[in-house]
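Got a structure here, written out as structure tokens. Questions coming.
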Amino acid sequence: MSFPLLTATAVLPALGAIATAAVPAARRVAAKWLALLVSLGTLALAAVTLARFDPDGARYQLTESHAWIPDFGVRYQLGVDGIGVALVALTALLMPFVILAGWHDADPHETGSRRWRPTQGFFALILAVEAMVIISFEATDVFLFYIFFEAMLIPMYFLIGGFGDRAHEHGDEAAATQRSYAAVKFLLYNLVGGLIMLAAVIGLYVVAGSFSLQEIVHARADGSLHMATSTERWLFLGFFFAFAVKAPLWPLHTWLPNAMGEATAPVAVLITAVVDKVGTFAMLRFCLQLFPEASKWATPAILVLALISIVYGALLAVGQRDIKRLVAYASISHFGFIILGIFAMTTQGQSGATLYMVNHGISTAALMLVAGFLISRRGSRLIADYGGVQKVAPVLAGTFLIGGLATLSLPGLAPFVSEFLVLVGTFTRYPVVGIIATFGIVLAALYTLVLYQRTMTGPVKAEVAEMPDLRVRELLVVAPLIALLIFLGVYPKPITDIVNPAVKQTMSDVQKKDPQPEVEAAK
Amino acid sequence: MENLIALLIAAPLLGAAVLLCGGRRLDAVGQWIGTVLAAASFVVAVVLFADMLGKSPEDRTFTQHLYSWIAVGNFRADVGFQLDQLSMTFVLLITGVGSLIHVYSIGYMEHDERRRRFFGYLNLFLAAMLLLVLADNYLLLYVGWEGVGLASYLLIGFWQHKPSAATAAKKAFLVNRVGDMGLSIAIMLMFTTFGTFAFGPLLGTEGHPGIAGDATEGKLTAIGLMLLLAACGKSAQVPLQSWLGDAMEGPTPVSALIHAATMVTAGVYLIVRSAAVFNAAPDAQLVVTVVGGVTLLFGAIVGCAKDDIKKALAGSTMSQIGYMVLAAGLGPIGYVFAIMHLVTHGFFKAGLFLGAGSVMHGMNDEVDMRKFGGLRKYMPVTFVTFGLGYLAIIGFPGLSGFFSKDKIIEAAFAKGGTEGWILGGVALLGAAITAYYMTRVMIMTFFGEKRWQPDAEGHEPHPHESPSSMTIPMIVLAFGSVFAGGFFSIGDRFLHWLEPVTGHSEGDSPVSALTVTLATMVLLVVGAGIAYLQYGRSSVPVTAPRGSLLTRAARRDLYQDDFNHVVLVRGGEHLTRSLVYVDHTLVDGVVNGTAASVGGLSGRLRKLQNGYARSYAVSMFGGAAILVAATLLMRAV
Amino acid sequence: MNPVNYLYLAALLFTIGATGVLIRRNAIVVFMCIELMLNACNLAFVVFSRMHGNLDGQIIAFFTMVVAAAEVVVGLAIIVSLFRSRHSASVDDASLMKL
Amino acid sequence: MSASAVHSLWTTAAEPISKIDAPKIEYAQLSPTLIVIGAAVVGVLIEAFVPRKSRYYAQVFVAVVALAAAFSAVVALAASGYGTTKAHIAAMGAIAVDGPALFLQGTILLAGILGVFTFAERRLDPQAHGNRVDAFAAQASAVPGSDTEKAAVKAGFTTTEVFPLLLFAISGMLVFPSANDLLTLFVALEVFSLPLYLLCAVARRKRLMSQEAAVKYFLLGAFASAFTLFGIALLYGYAGSVSYATIAHVVDGTITNVDPALAGTMGNDVLLLIGTALVVMGLLFKVGAVPFHMWTPDVYQGAPTPVTGFMAAATKVAAFGALLRLLYVVLPGLRWDWRPVMWAVAVVTMLGGAIVAITQTDIKRLLAYSSIAHAGFILAGVIATSPDGVSSVLFYLGAYSFVTIGAFAVVTLVRDAGGEATHLSKWAGLGRRSPLVAAVFAVFLLAFAGIPLTSGFAGKFAVFKAAAEGGAGALVVVGVISSAIAAFFYIRVIVLMFFSEPKPEGPTVAVPSPLTMTAIAAGVAVTLVLGVAPQYFLNLASQAGVFVR
């Protein structure tokens, strides 16, 4: 048997996490470097995976399958299709930047016991999250997926609750309580979703007698497994609920602003750019493939919710006073687009959605991390506390602007391609929905530019007058991301080529065809 | 030869990249890099032009396909260029005027420490604008379309420390975004209707008619209107005109290049480029003409009331573009003249703005015309060039404006029917008003007694002529303003040049060309005369008089901005604020509420655990009783 | 007479005992009530044994007595220690732990 | 009733005397129980004859050795197939030796060993007059605060009797799930209850609470067992026998009721149903199911923490074992009568436990309520009435008992001047002070909450799966909802430990002896192993999933 590449990609960060956690308290710098190296190693492995992946090959590649818990019908079953491999790559790609950006976020600020090692913990947790996310992108066994879908909540929870902005770290009890409120909210929301999904998972097993994605899909395809309509719908709802919480879809979104607001910028990136993607990814992989009929049945409702998310998220972003919360609401709007694309049930929509997941990951990372650098300088998250920054820190302002432009999906930057694909994909099947969604691009411009204007332009505020520009470490974080944004905006082919075949598969699973152009249809 | 097309864009793009990423070490030489690369692009354009002239009118369409950009399902967007006579015209205008304005800026921005970035933005603009006119499909055009929007955003807000500038920039971008919405919807419509949005198959090329006509008229009308919406955004047409006035916050060269000569005319390009669509959708065309006509008057009226020289010119830009849009709306009758007026306007309006810039340069950046006066002695070159531009724009016989504008007025009448009369009338009226407000500007600025006084710091402005780096471009443009129109019209050169692309047809005008010309002349004299009586004879008060109702309305852009402010801005603020409340109390409240109620229930149930063994026993006894009863019941039922 | 009546008696005794547990405060009395319940059970066993005509019931009765005796030992020990430390045998006084 | 019948009764009583032959007892197969009982007796003798100083060591030694021996005996029996093929009824039908019995006995014995370790812990409490002391009163009989007590403390007395008591309790627990007739069931019940009553009463600190807990536990326990006994009486009346097999036969009609007259007079199904209800009630009391749960919080809080830990783990195991046997062996024919009732009980137990736990402020009470909620989850598995149901319950019990003992062992470590600091507010910032202990406790809490990769999740999944397959889908939904509610308060504790600032006068974490460390370590190890690779134990459970009848 060949080298278990997929396992390795997940195991390496896992081991890294343990190793990092084990670094003695005094050697916290070593822990940082260790974490960074591990994440880079993972990136290398992910790159190999990407290289090994053959877009025109079998649907699931690099598969591994071992018995795990026969009594539960559970196998340790891994395999990636185009969508999965793209997201694995994204995750592995972002991690080094997250770690680098959070370099000083977890330096101990008060004297705990000798054994209190926040720094080690911080980076260990990040790596743990990476491992779990990656494996849930690779799992082709529903149970295996579920395990890590749930388990990743715990490290995330500690990351959110345990580490706040340096701004608040001066014994600010209120901030601490807010933070733990956010963490608890995050965990409970997702736990509830997950538990409801657990019921559905069990139900699926009772109905299908197996957890293997392929088996079930095949069985459904050749009719050997028949699901009663109502059963299928209930199970679908069970799954979808969990993913909708994770995604997050209106009205299950309220945990995100708290979480992203209270967490440090790198962790916020971790949440929205990586962990939440598992939700949308799972909709595409599990909801559609396991319950095609139910998915079609639910589509109208979901489209409406997605639309609401888009507009509502954007409007709330406009109304925010807190930079990070603003980005959070912007993300909610973007997740609306992703879900819209998935459930438009067109090739463009779903490819666009997948592309969107990747691009949104990168663009949010860029914007949020720069915002983090900004916040760490001034020690405040309030937009009102800034002004005229571009005069004192032009590079910071410039990168911030580019991040913002990516967020409003300016043509030429990566997000434009995905957003337009989603819109077109939606429009071809649901013109009205498509048009309403298009309003999102205006609102996006609004909240981004307002944010930029209020923070970066105008007369220089006294508090920011001494603000230093981006440091080398910070540039190292931002520059590659921006380069990537531009590259993928100009030349998205590498990703679309990988994603398209997978999407075609999914489309055939749900037995949907793209609508014909009218002119040809007329002929 | 074709492969040079990419070079057109590459040069300024390189410049932008180098200048913006280059860092401080390039501050000294920034302006040179930028100018040289712009000029290089112009040279390439000229070479291509020469090459094109060498070919027969039929195969003057060059194409260059770079690579497949987006390919998903049957959705295909390529990065490829199409250079035909239409694009060529624009390319020459953009690179030519662009280069001149680069040169001008060297002098104008001399003392600005962020000069390097300024030239970077200018180059970025050139690249985007060229992409816009060279793209061979609508999606790529969209990239250029938003690209110029970005550039204009950056340049309007170039002096970001001024809140007014930042706000103006944001406003411009947002209003344009509304237009962009139209463009993207149009593209989606094209995709769903035709399965493609590439010029070649859709609009057809020389000899091969495109499939644009195949769709139902309803669809085409929809597409047309969406394209018009886009055009309105970019070309500051009613109802999306509000941003142009504020855009004058930008440095004057920017106003000249972007907000007079090139970018704002992109809408006209879009309409003319989509001729195939509009020709098949008369309703859409009608709307286009109406928009054009309305804007024509709107801009003109606004232009009459402004005391800020740049804002006055902005109003005139609006109205001139109104002419072009109107012409474009007339269909094959008007396309050529729309473009022709666009080019001549490019010359004289750019010239006028540079003149205004030169004036401000000499007057400590004062923009209020009421504080000018009698400047002709102090800055003769500016005076002459500005004057020529002035004569051109009001359509003084023999100068550029005269030819291009007359053609449009004729075409308007030629539309025929009542529409023809109405449009023609409007166009004529516009000509009169143009004459009025331009004369006003001219007089208030260069004639009469000097009215300037010390500014806040007490610096007495001492007007002086600008350096040659600024005057030379003005002179060049002046030449253009004088001769371009004649050169184009003699033997209908321009018509023959453009016809293969846009097609052309002579409408049957109810009135002869001569009558139109005469009518124009008369109205011109009237307009100019009134202005002279108002401002030439009597002295100009330094503080603006209250003015008539119309004047006040015009000063406030006919309250259109206030409308936006009240309805959109305030309304939006209220909406968002209430939504934030909803999100916090309702959506979140439900969740927290559930949690709280569970907690409350817990608190109440907890009381049962009162510590008394006997009450525990009671619960056990009761439980036992229930258990027994239930078991028996199960059997009973 | 019909042995079933003894069953009714047993049931009655059991109920009396249970009621006593519920209403009496004094731990000793409560405990005695429990003993009463056990004895009610014994009666039932014996009666059933009689009805079924086998001895199991009667044997069980002996076991019950033994168990009851054991309970007394343990129970009294506990109750007495409680009484000594609180100077009251009321089960209601012993309510430190609640909620 | 005719005189002859009466006569026959007497004569039949006389005749078989000649036929009585010595009962045949399979000592080997009963060895686990016998070993423990023996050890308990030895323990008593030690109390009588071994000098005070060395008693402690002797007791601990005996207890550990005995339990280990008993456990190896269980393993040996299982290895030689008594769990599966050779499973049968031993001791004249009194004791069943089969898979479930052996599995549960094994679990109980392991829990017992860990229990002994925690009982024997002598490093936590500060030395009294130079003597290391454990969690138990110097002299339980002495009045709290009295001179006698002071003297006893001064003399360095310790209640070493707890070890024999523990052993007796364990022996009862060993018999309880394997009891094959109602009488044995009842006796076993009392045998393991009485020592526990006593153990609750002998805390070294907070003695009033300890005694109060004992009284409550005792009175309510006795009350419950009285009900049980009455139920047994009724069942006996119904079937004319207390042997499970016979009752089962009568229930499913293979044997017709011995006395038609009886059936005629009172419709014997009534006897059957009431009897069942009462016996089941007794067992539900032991597992702490709503509404028979109210003793749990008070007793868990008042009892010495090592006792609480052991009780929480082992009692549940034993009681659920008995419940399973009763329902699966005796009353399968009655399934349609008791299932709905159990449904209701399971639902209220899951929800009740979870909801009330939210507002608890004492860690021990919190864990008590969590144990109630867990009882509800296990009941869901019981209701499945399928071999899967049995094995899932067995697995859950195994997993749960280790987590519980571990968790309570951690509770013993967190101390301040007044002994264990069980009030939640004192746990604030524990994560900062001693990250390791906090982390370990967090692992246990997550296991309780059923987070994947912990044994808690595997167990929960097993029972829910069984329940769903058994057609109790709705129950599963209720289950997940209450798990969500339950998650809330586990998380609350974690928040408290890690995210809130440590209080200056907060408690210290005592460094335990290897004994407690072993207990905790074992808990953590089992939690994680069963979480990541549960298959082996699932096999074990499913092999052991068949009752003999």
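Each chain gets a letter, A, B, C and D, in the order it is written, and its residues are counted from 1.
Just so we're on the same page, contacts are C-beta pairs under 8 Å (C-beta built on N, C-alpha and C of every residue); 3 or more make two chains touch, one makes a residue touch a chain.
Because the structure is a prediction, the values reported are computed rather than measured.
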item: Each chain counted as touching chain B and chain C at once; value: D
item: Innermost chain, taking as reference the mean of every protein Cα atom displayed; value: A
item: Per Cα centroids, the chain farthest from chain A; value: C
item: Distance from chain B to chain A - Cα centre to Cα centre, in angstrom; value: 37
item: Centre-to-centre distance between chain D and chain C (centres being mean Cα positions), rounded to whole Å; value: 24
item: Inter-chain centre distance, chain A versus chain D - centres from mean C-alpha coordinates, in Å; value: 45
item: Centre distance in Å when chain B and chain D are each reduced to the mean of their C-alpha atoms; value: 81
item: In chain B, residues with contacts to at least two other chains; value: 595, 606, 609, 611, 613, 617
item: Where chain C touches two or more other chains, by residue; value: 18, 21, 30, 91, 94-98
item: Shared interface positions of chain A, touching two or more other chains; value: 188
item: Interchain contacts (touch definition) - all pairs; value: A-B, A-D, B-C, B-D, C-D
item: Chain B-facing residues of chain D, complex; value: 215-216, 219-220, 223-224, 227, 269-270, 273-274, 276-278, 280-281, 285, 290-292, 294-295, 297-298, 336-338, 340-341, 344-345, 352, 355-360, 485, 488
item: Complex contacts: residues of chain A adjacent to chain B; value: 188-189, 250-251, 253-254, 312, 315-316, 318-320, 346-348, 351-352, 388, 390-391, 398, 405, 410-412, 416-417, 420-421, 423-424, 427-428, 431, 434-435, 438-439, 441-442, 445-446, 449-450, 453, 456-460, 490-493, 496, 500, 503, 514-520, 522
item: Residues of chain D that touch chain C when the two form their complex; value: 1, 5, 8-9, 12-13, 140-141, 143-144, 183, 186-187, 190, 194, 197-198, 201, 207-209, 211-216, 218-219, 222-223, 226-227, 229-230, 232-234, 236-237, 240-242, 258-259, 261-262, 265-266, 297-298, 301-302
item: Contacting residues of chain A [partner chain D, same complex]; value: 67-72, 112-113, 115-117, 146-148, 150-151, 153-154, 157-158, 161-162, 171, 173, 176-177, 179-180, 183-184, 187-188, 191-192, 195-196, 198-199, 202-203, 205-206
item: Partner chain A, residues of chain B touching it in the complex; value: 20, 67-75, 79, 139, 142-143, 145-147, 150, 153, 157, 160-161, 163, 165-167, 170, 173-174, 177-178, 180-181, 184-185, 187-189, 191-196, 211, 214-216, 219, 572, 575-577, 579-580, 583, 587-588, 590-591, 595
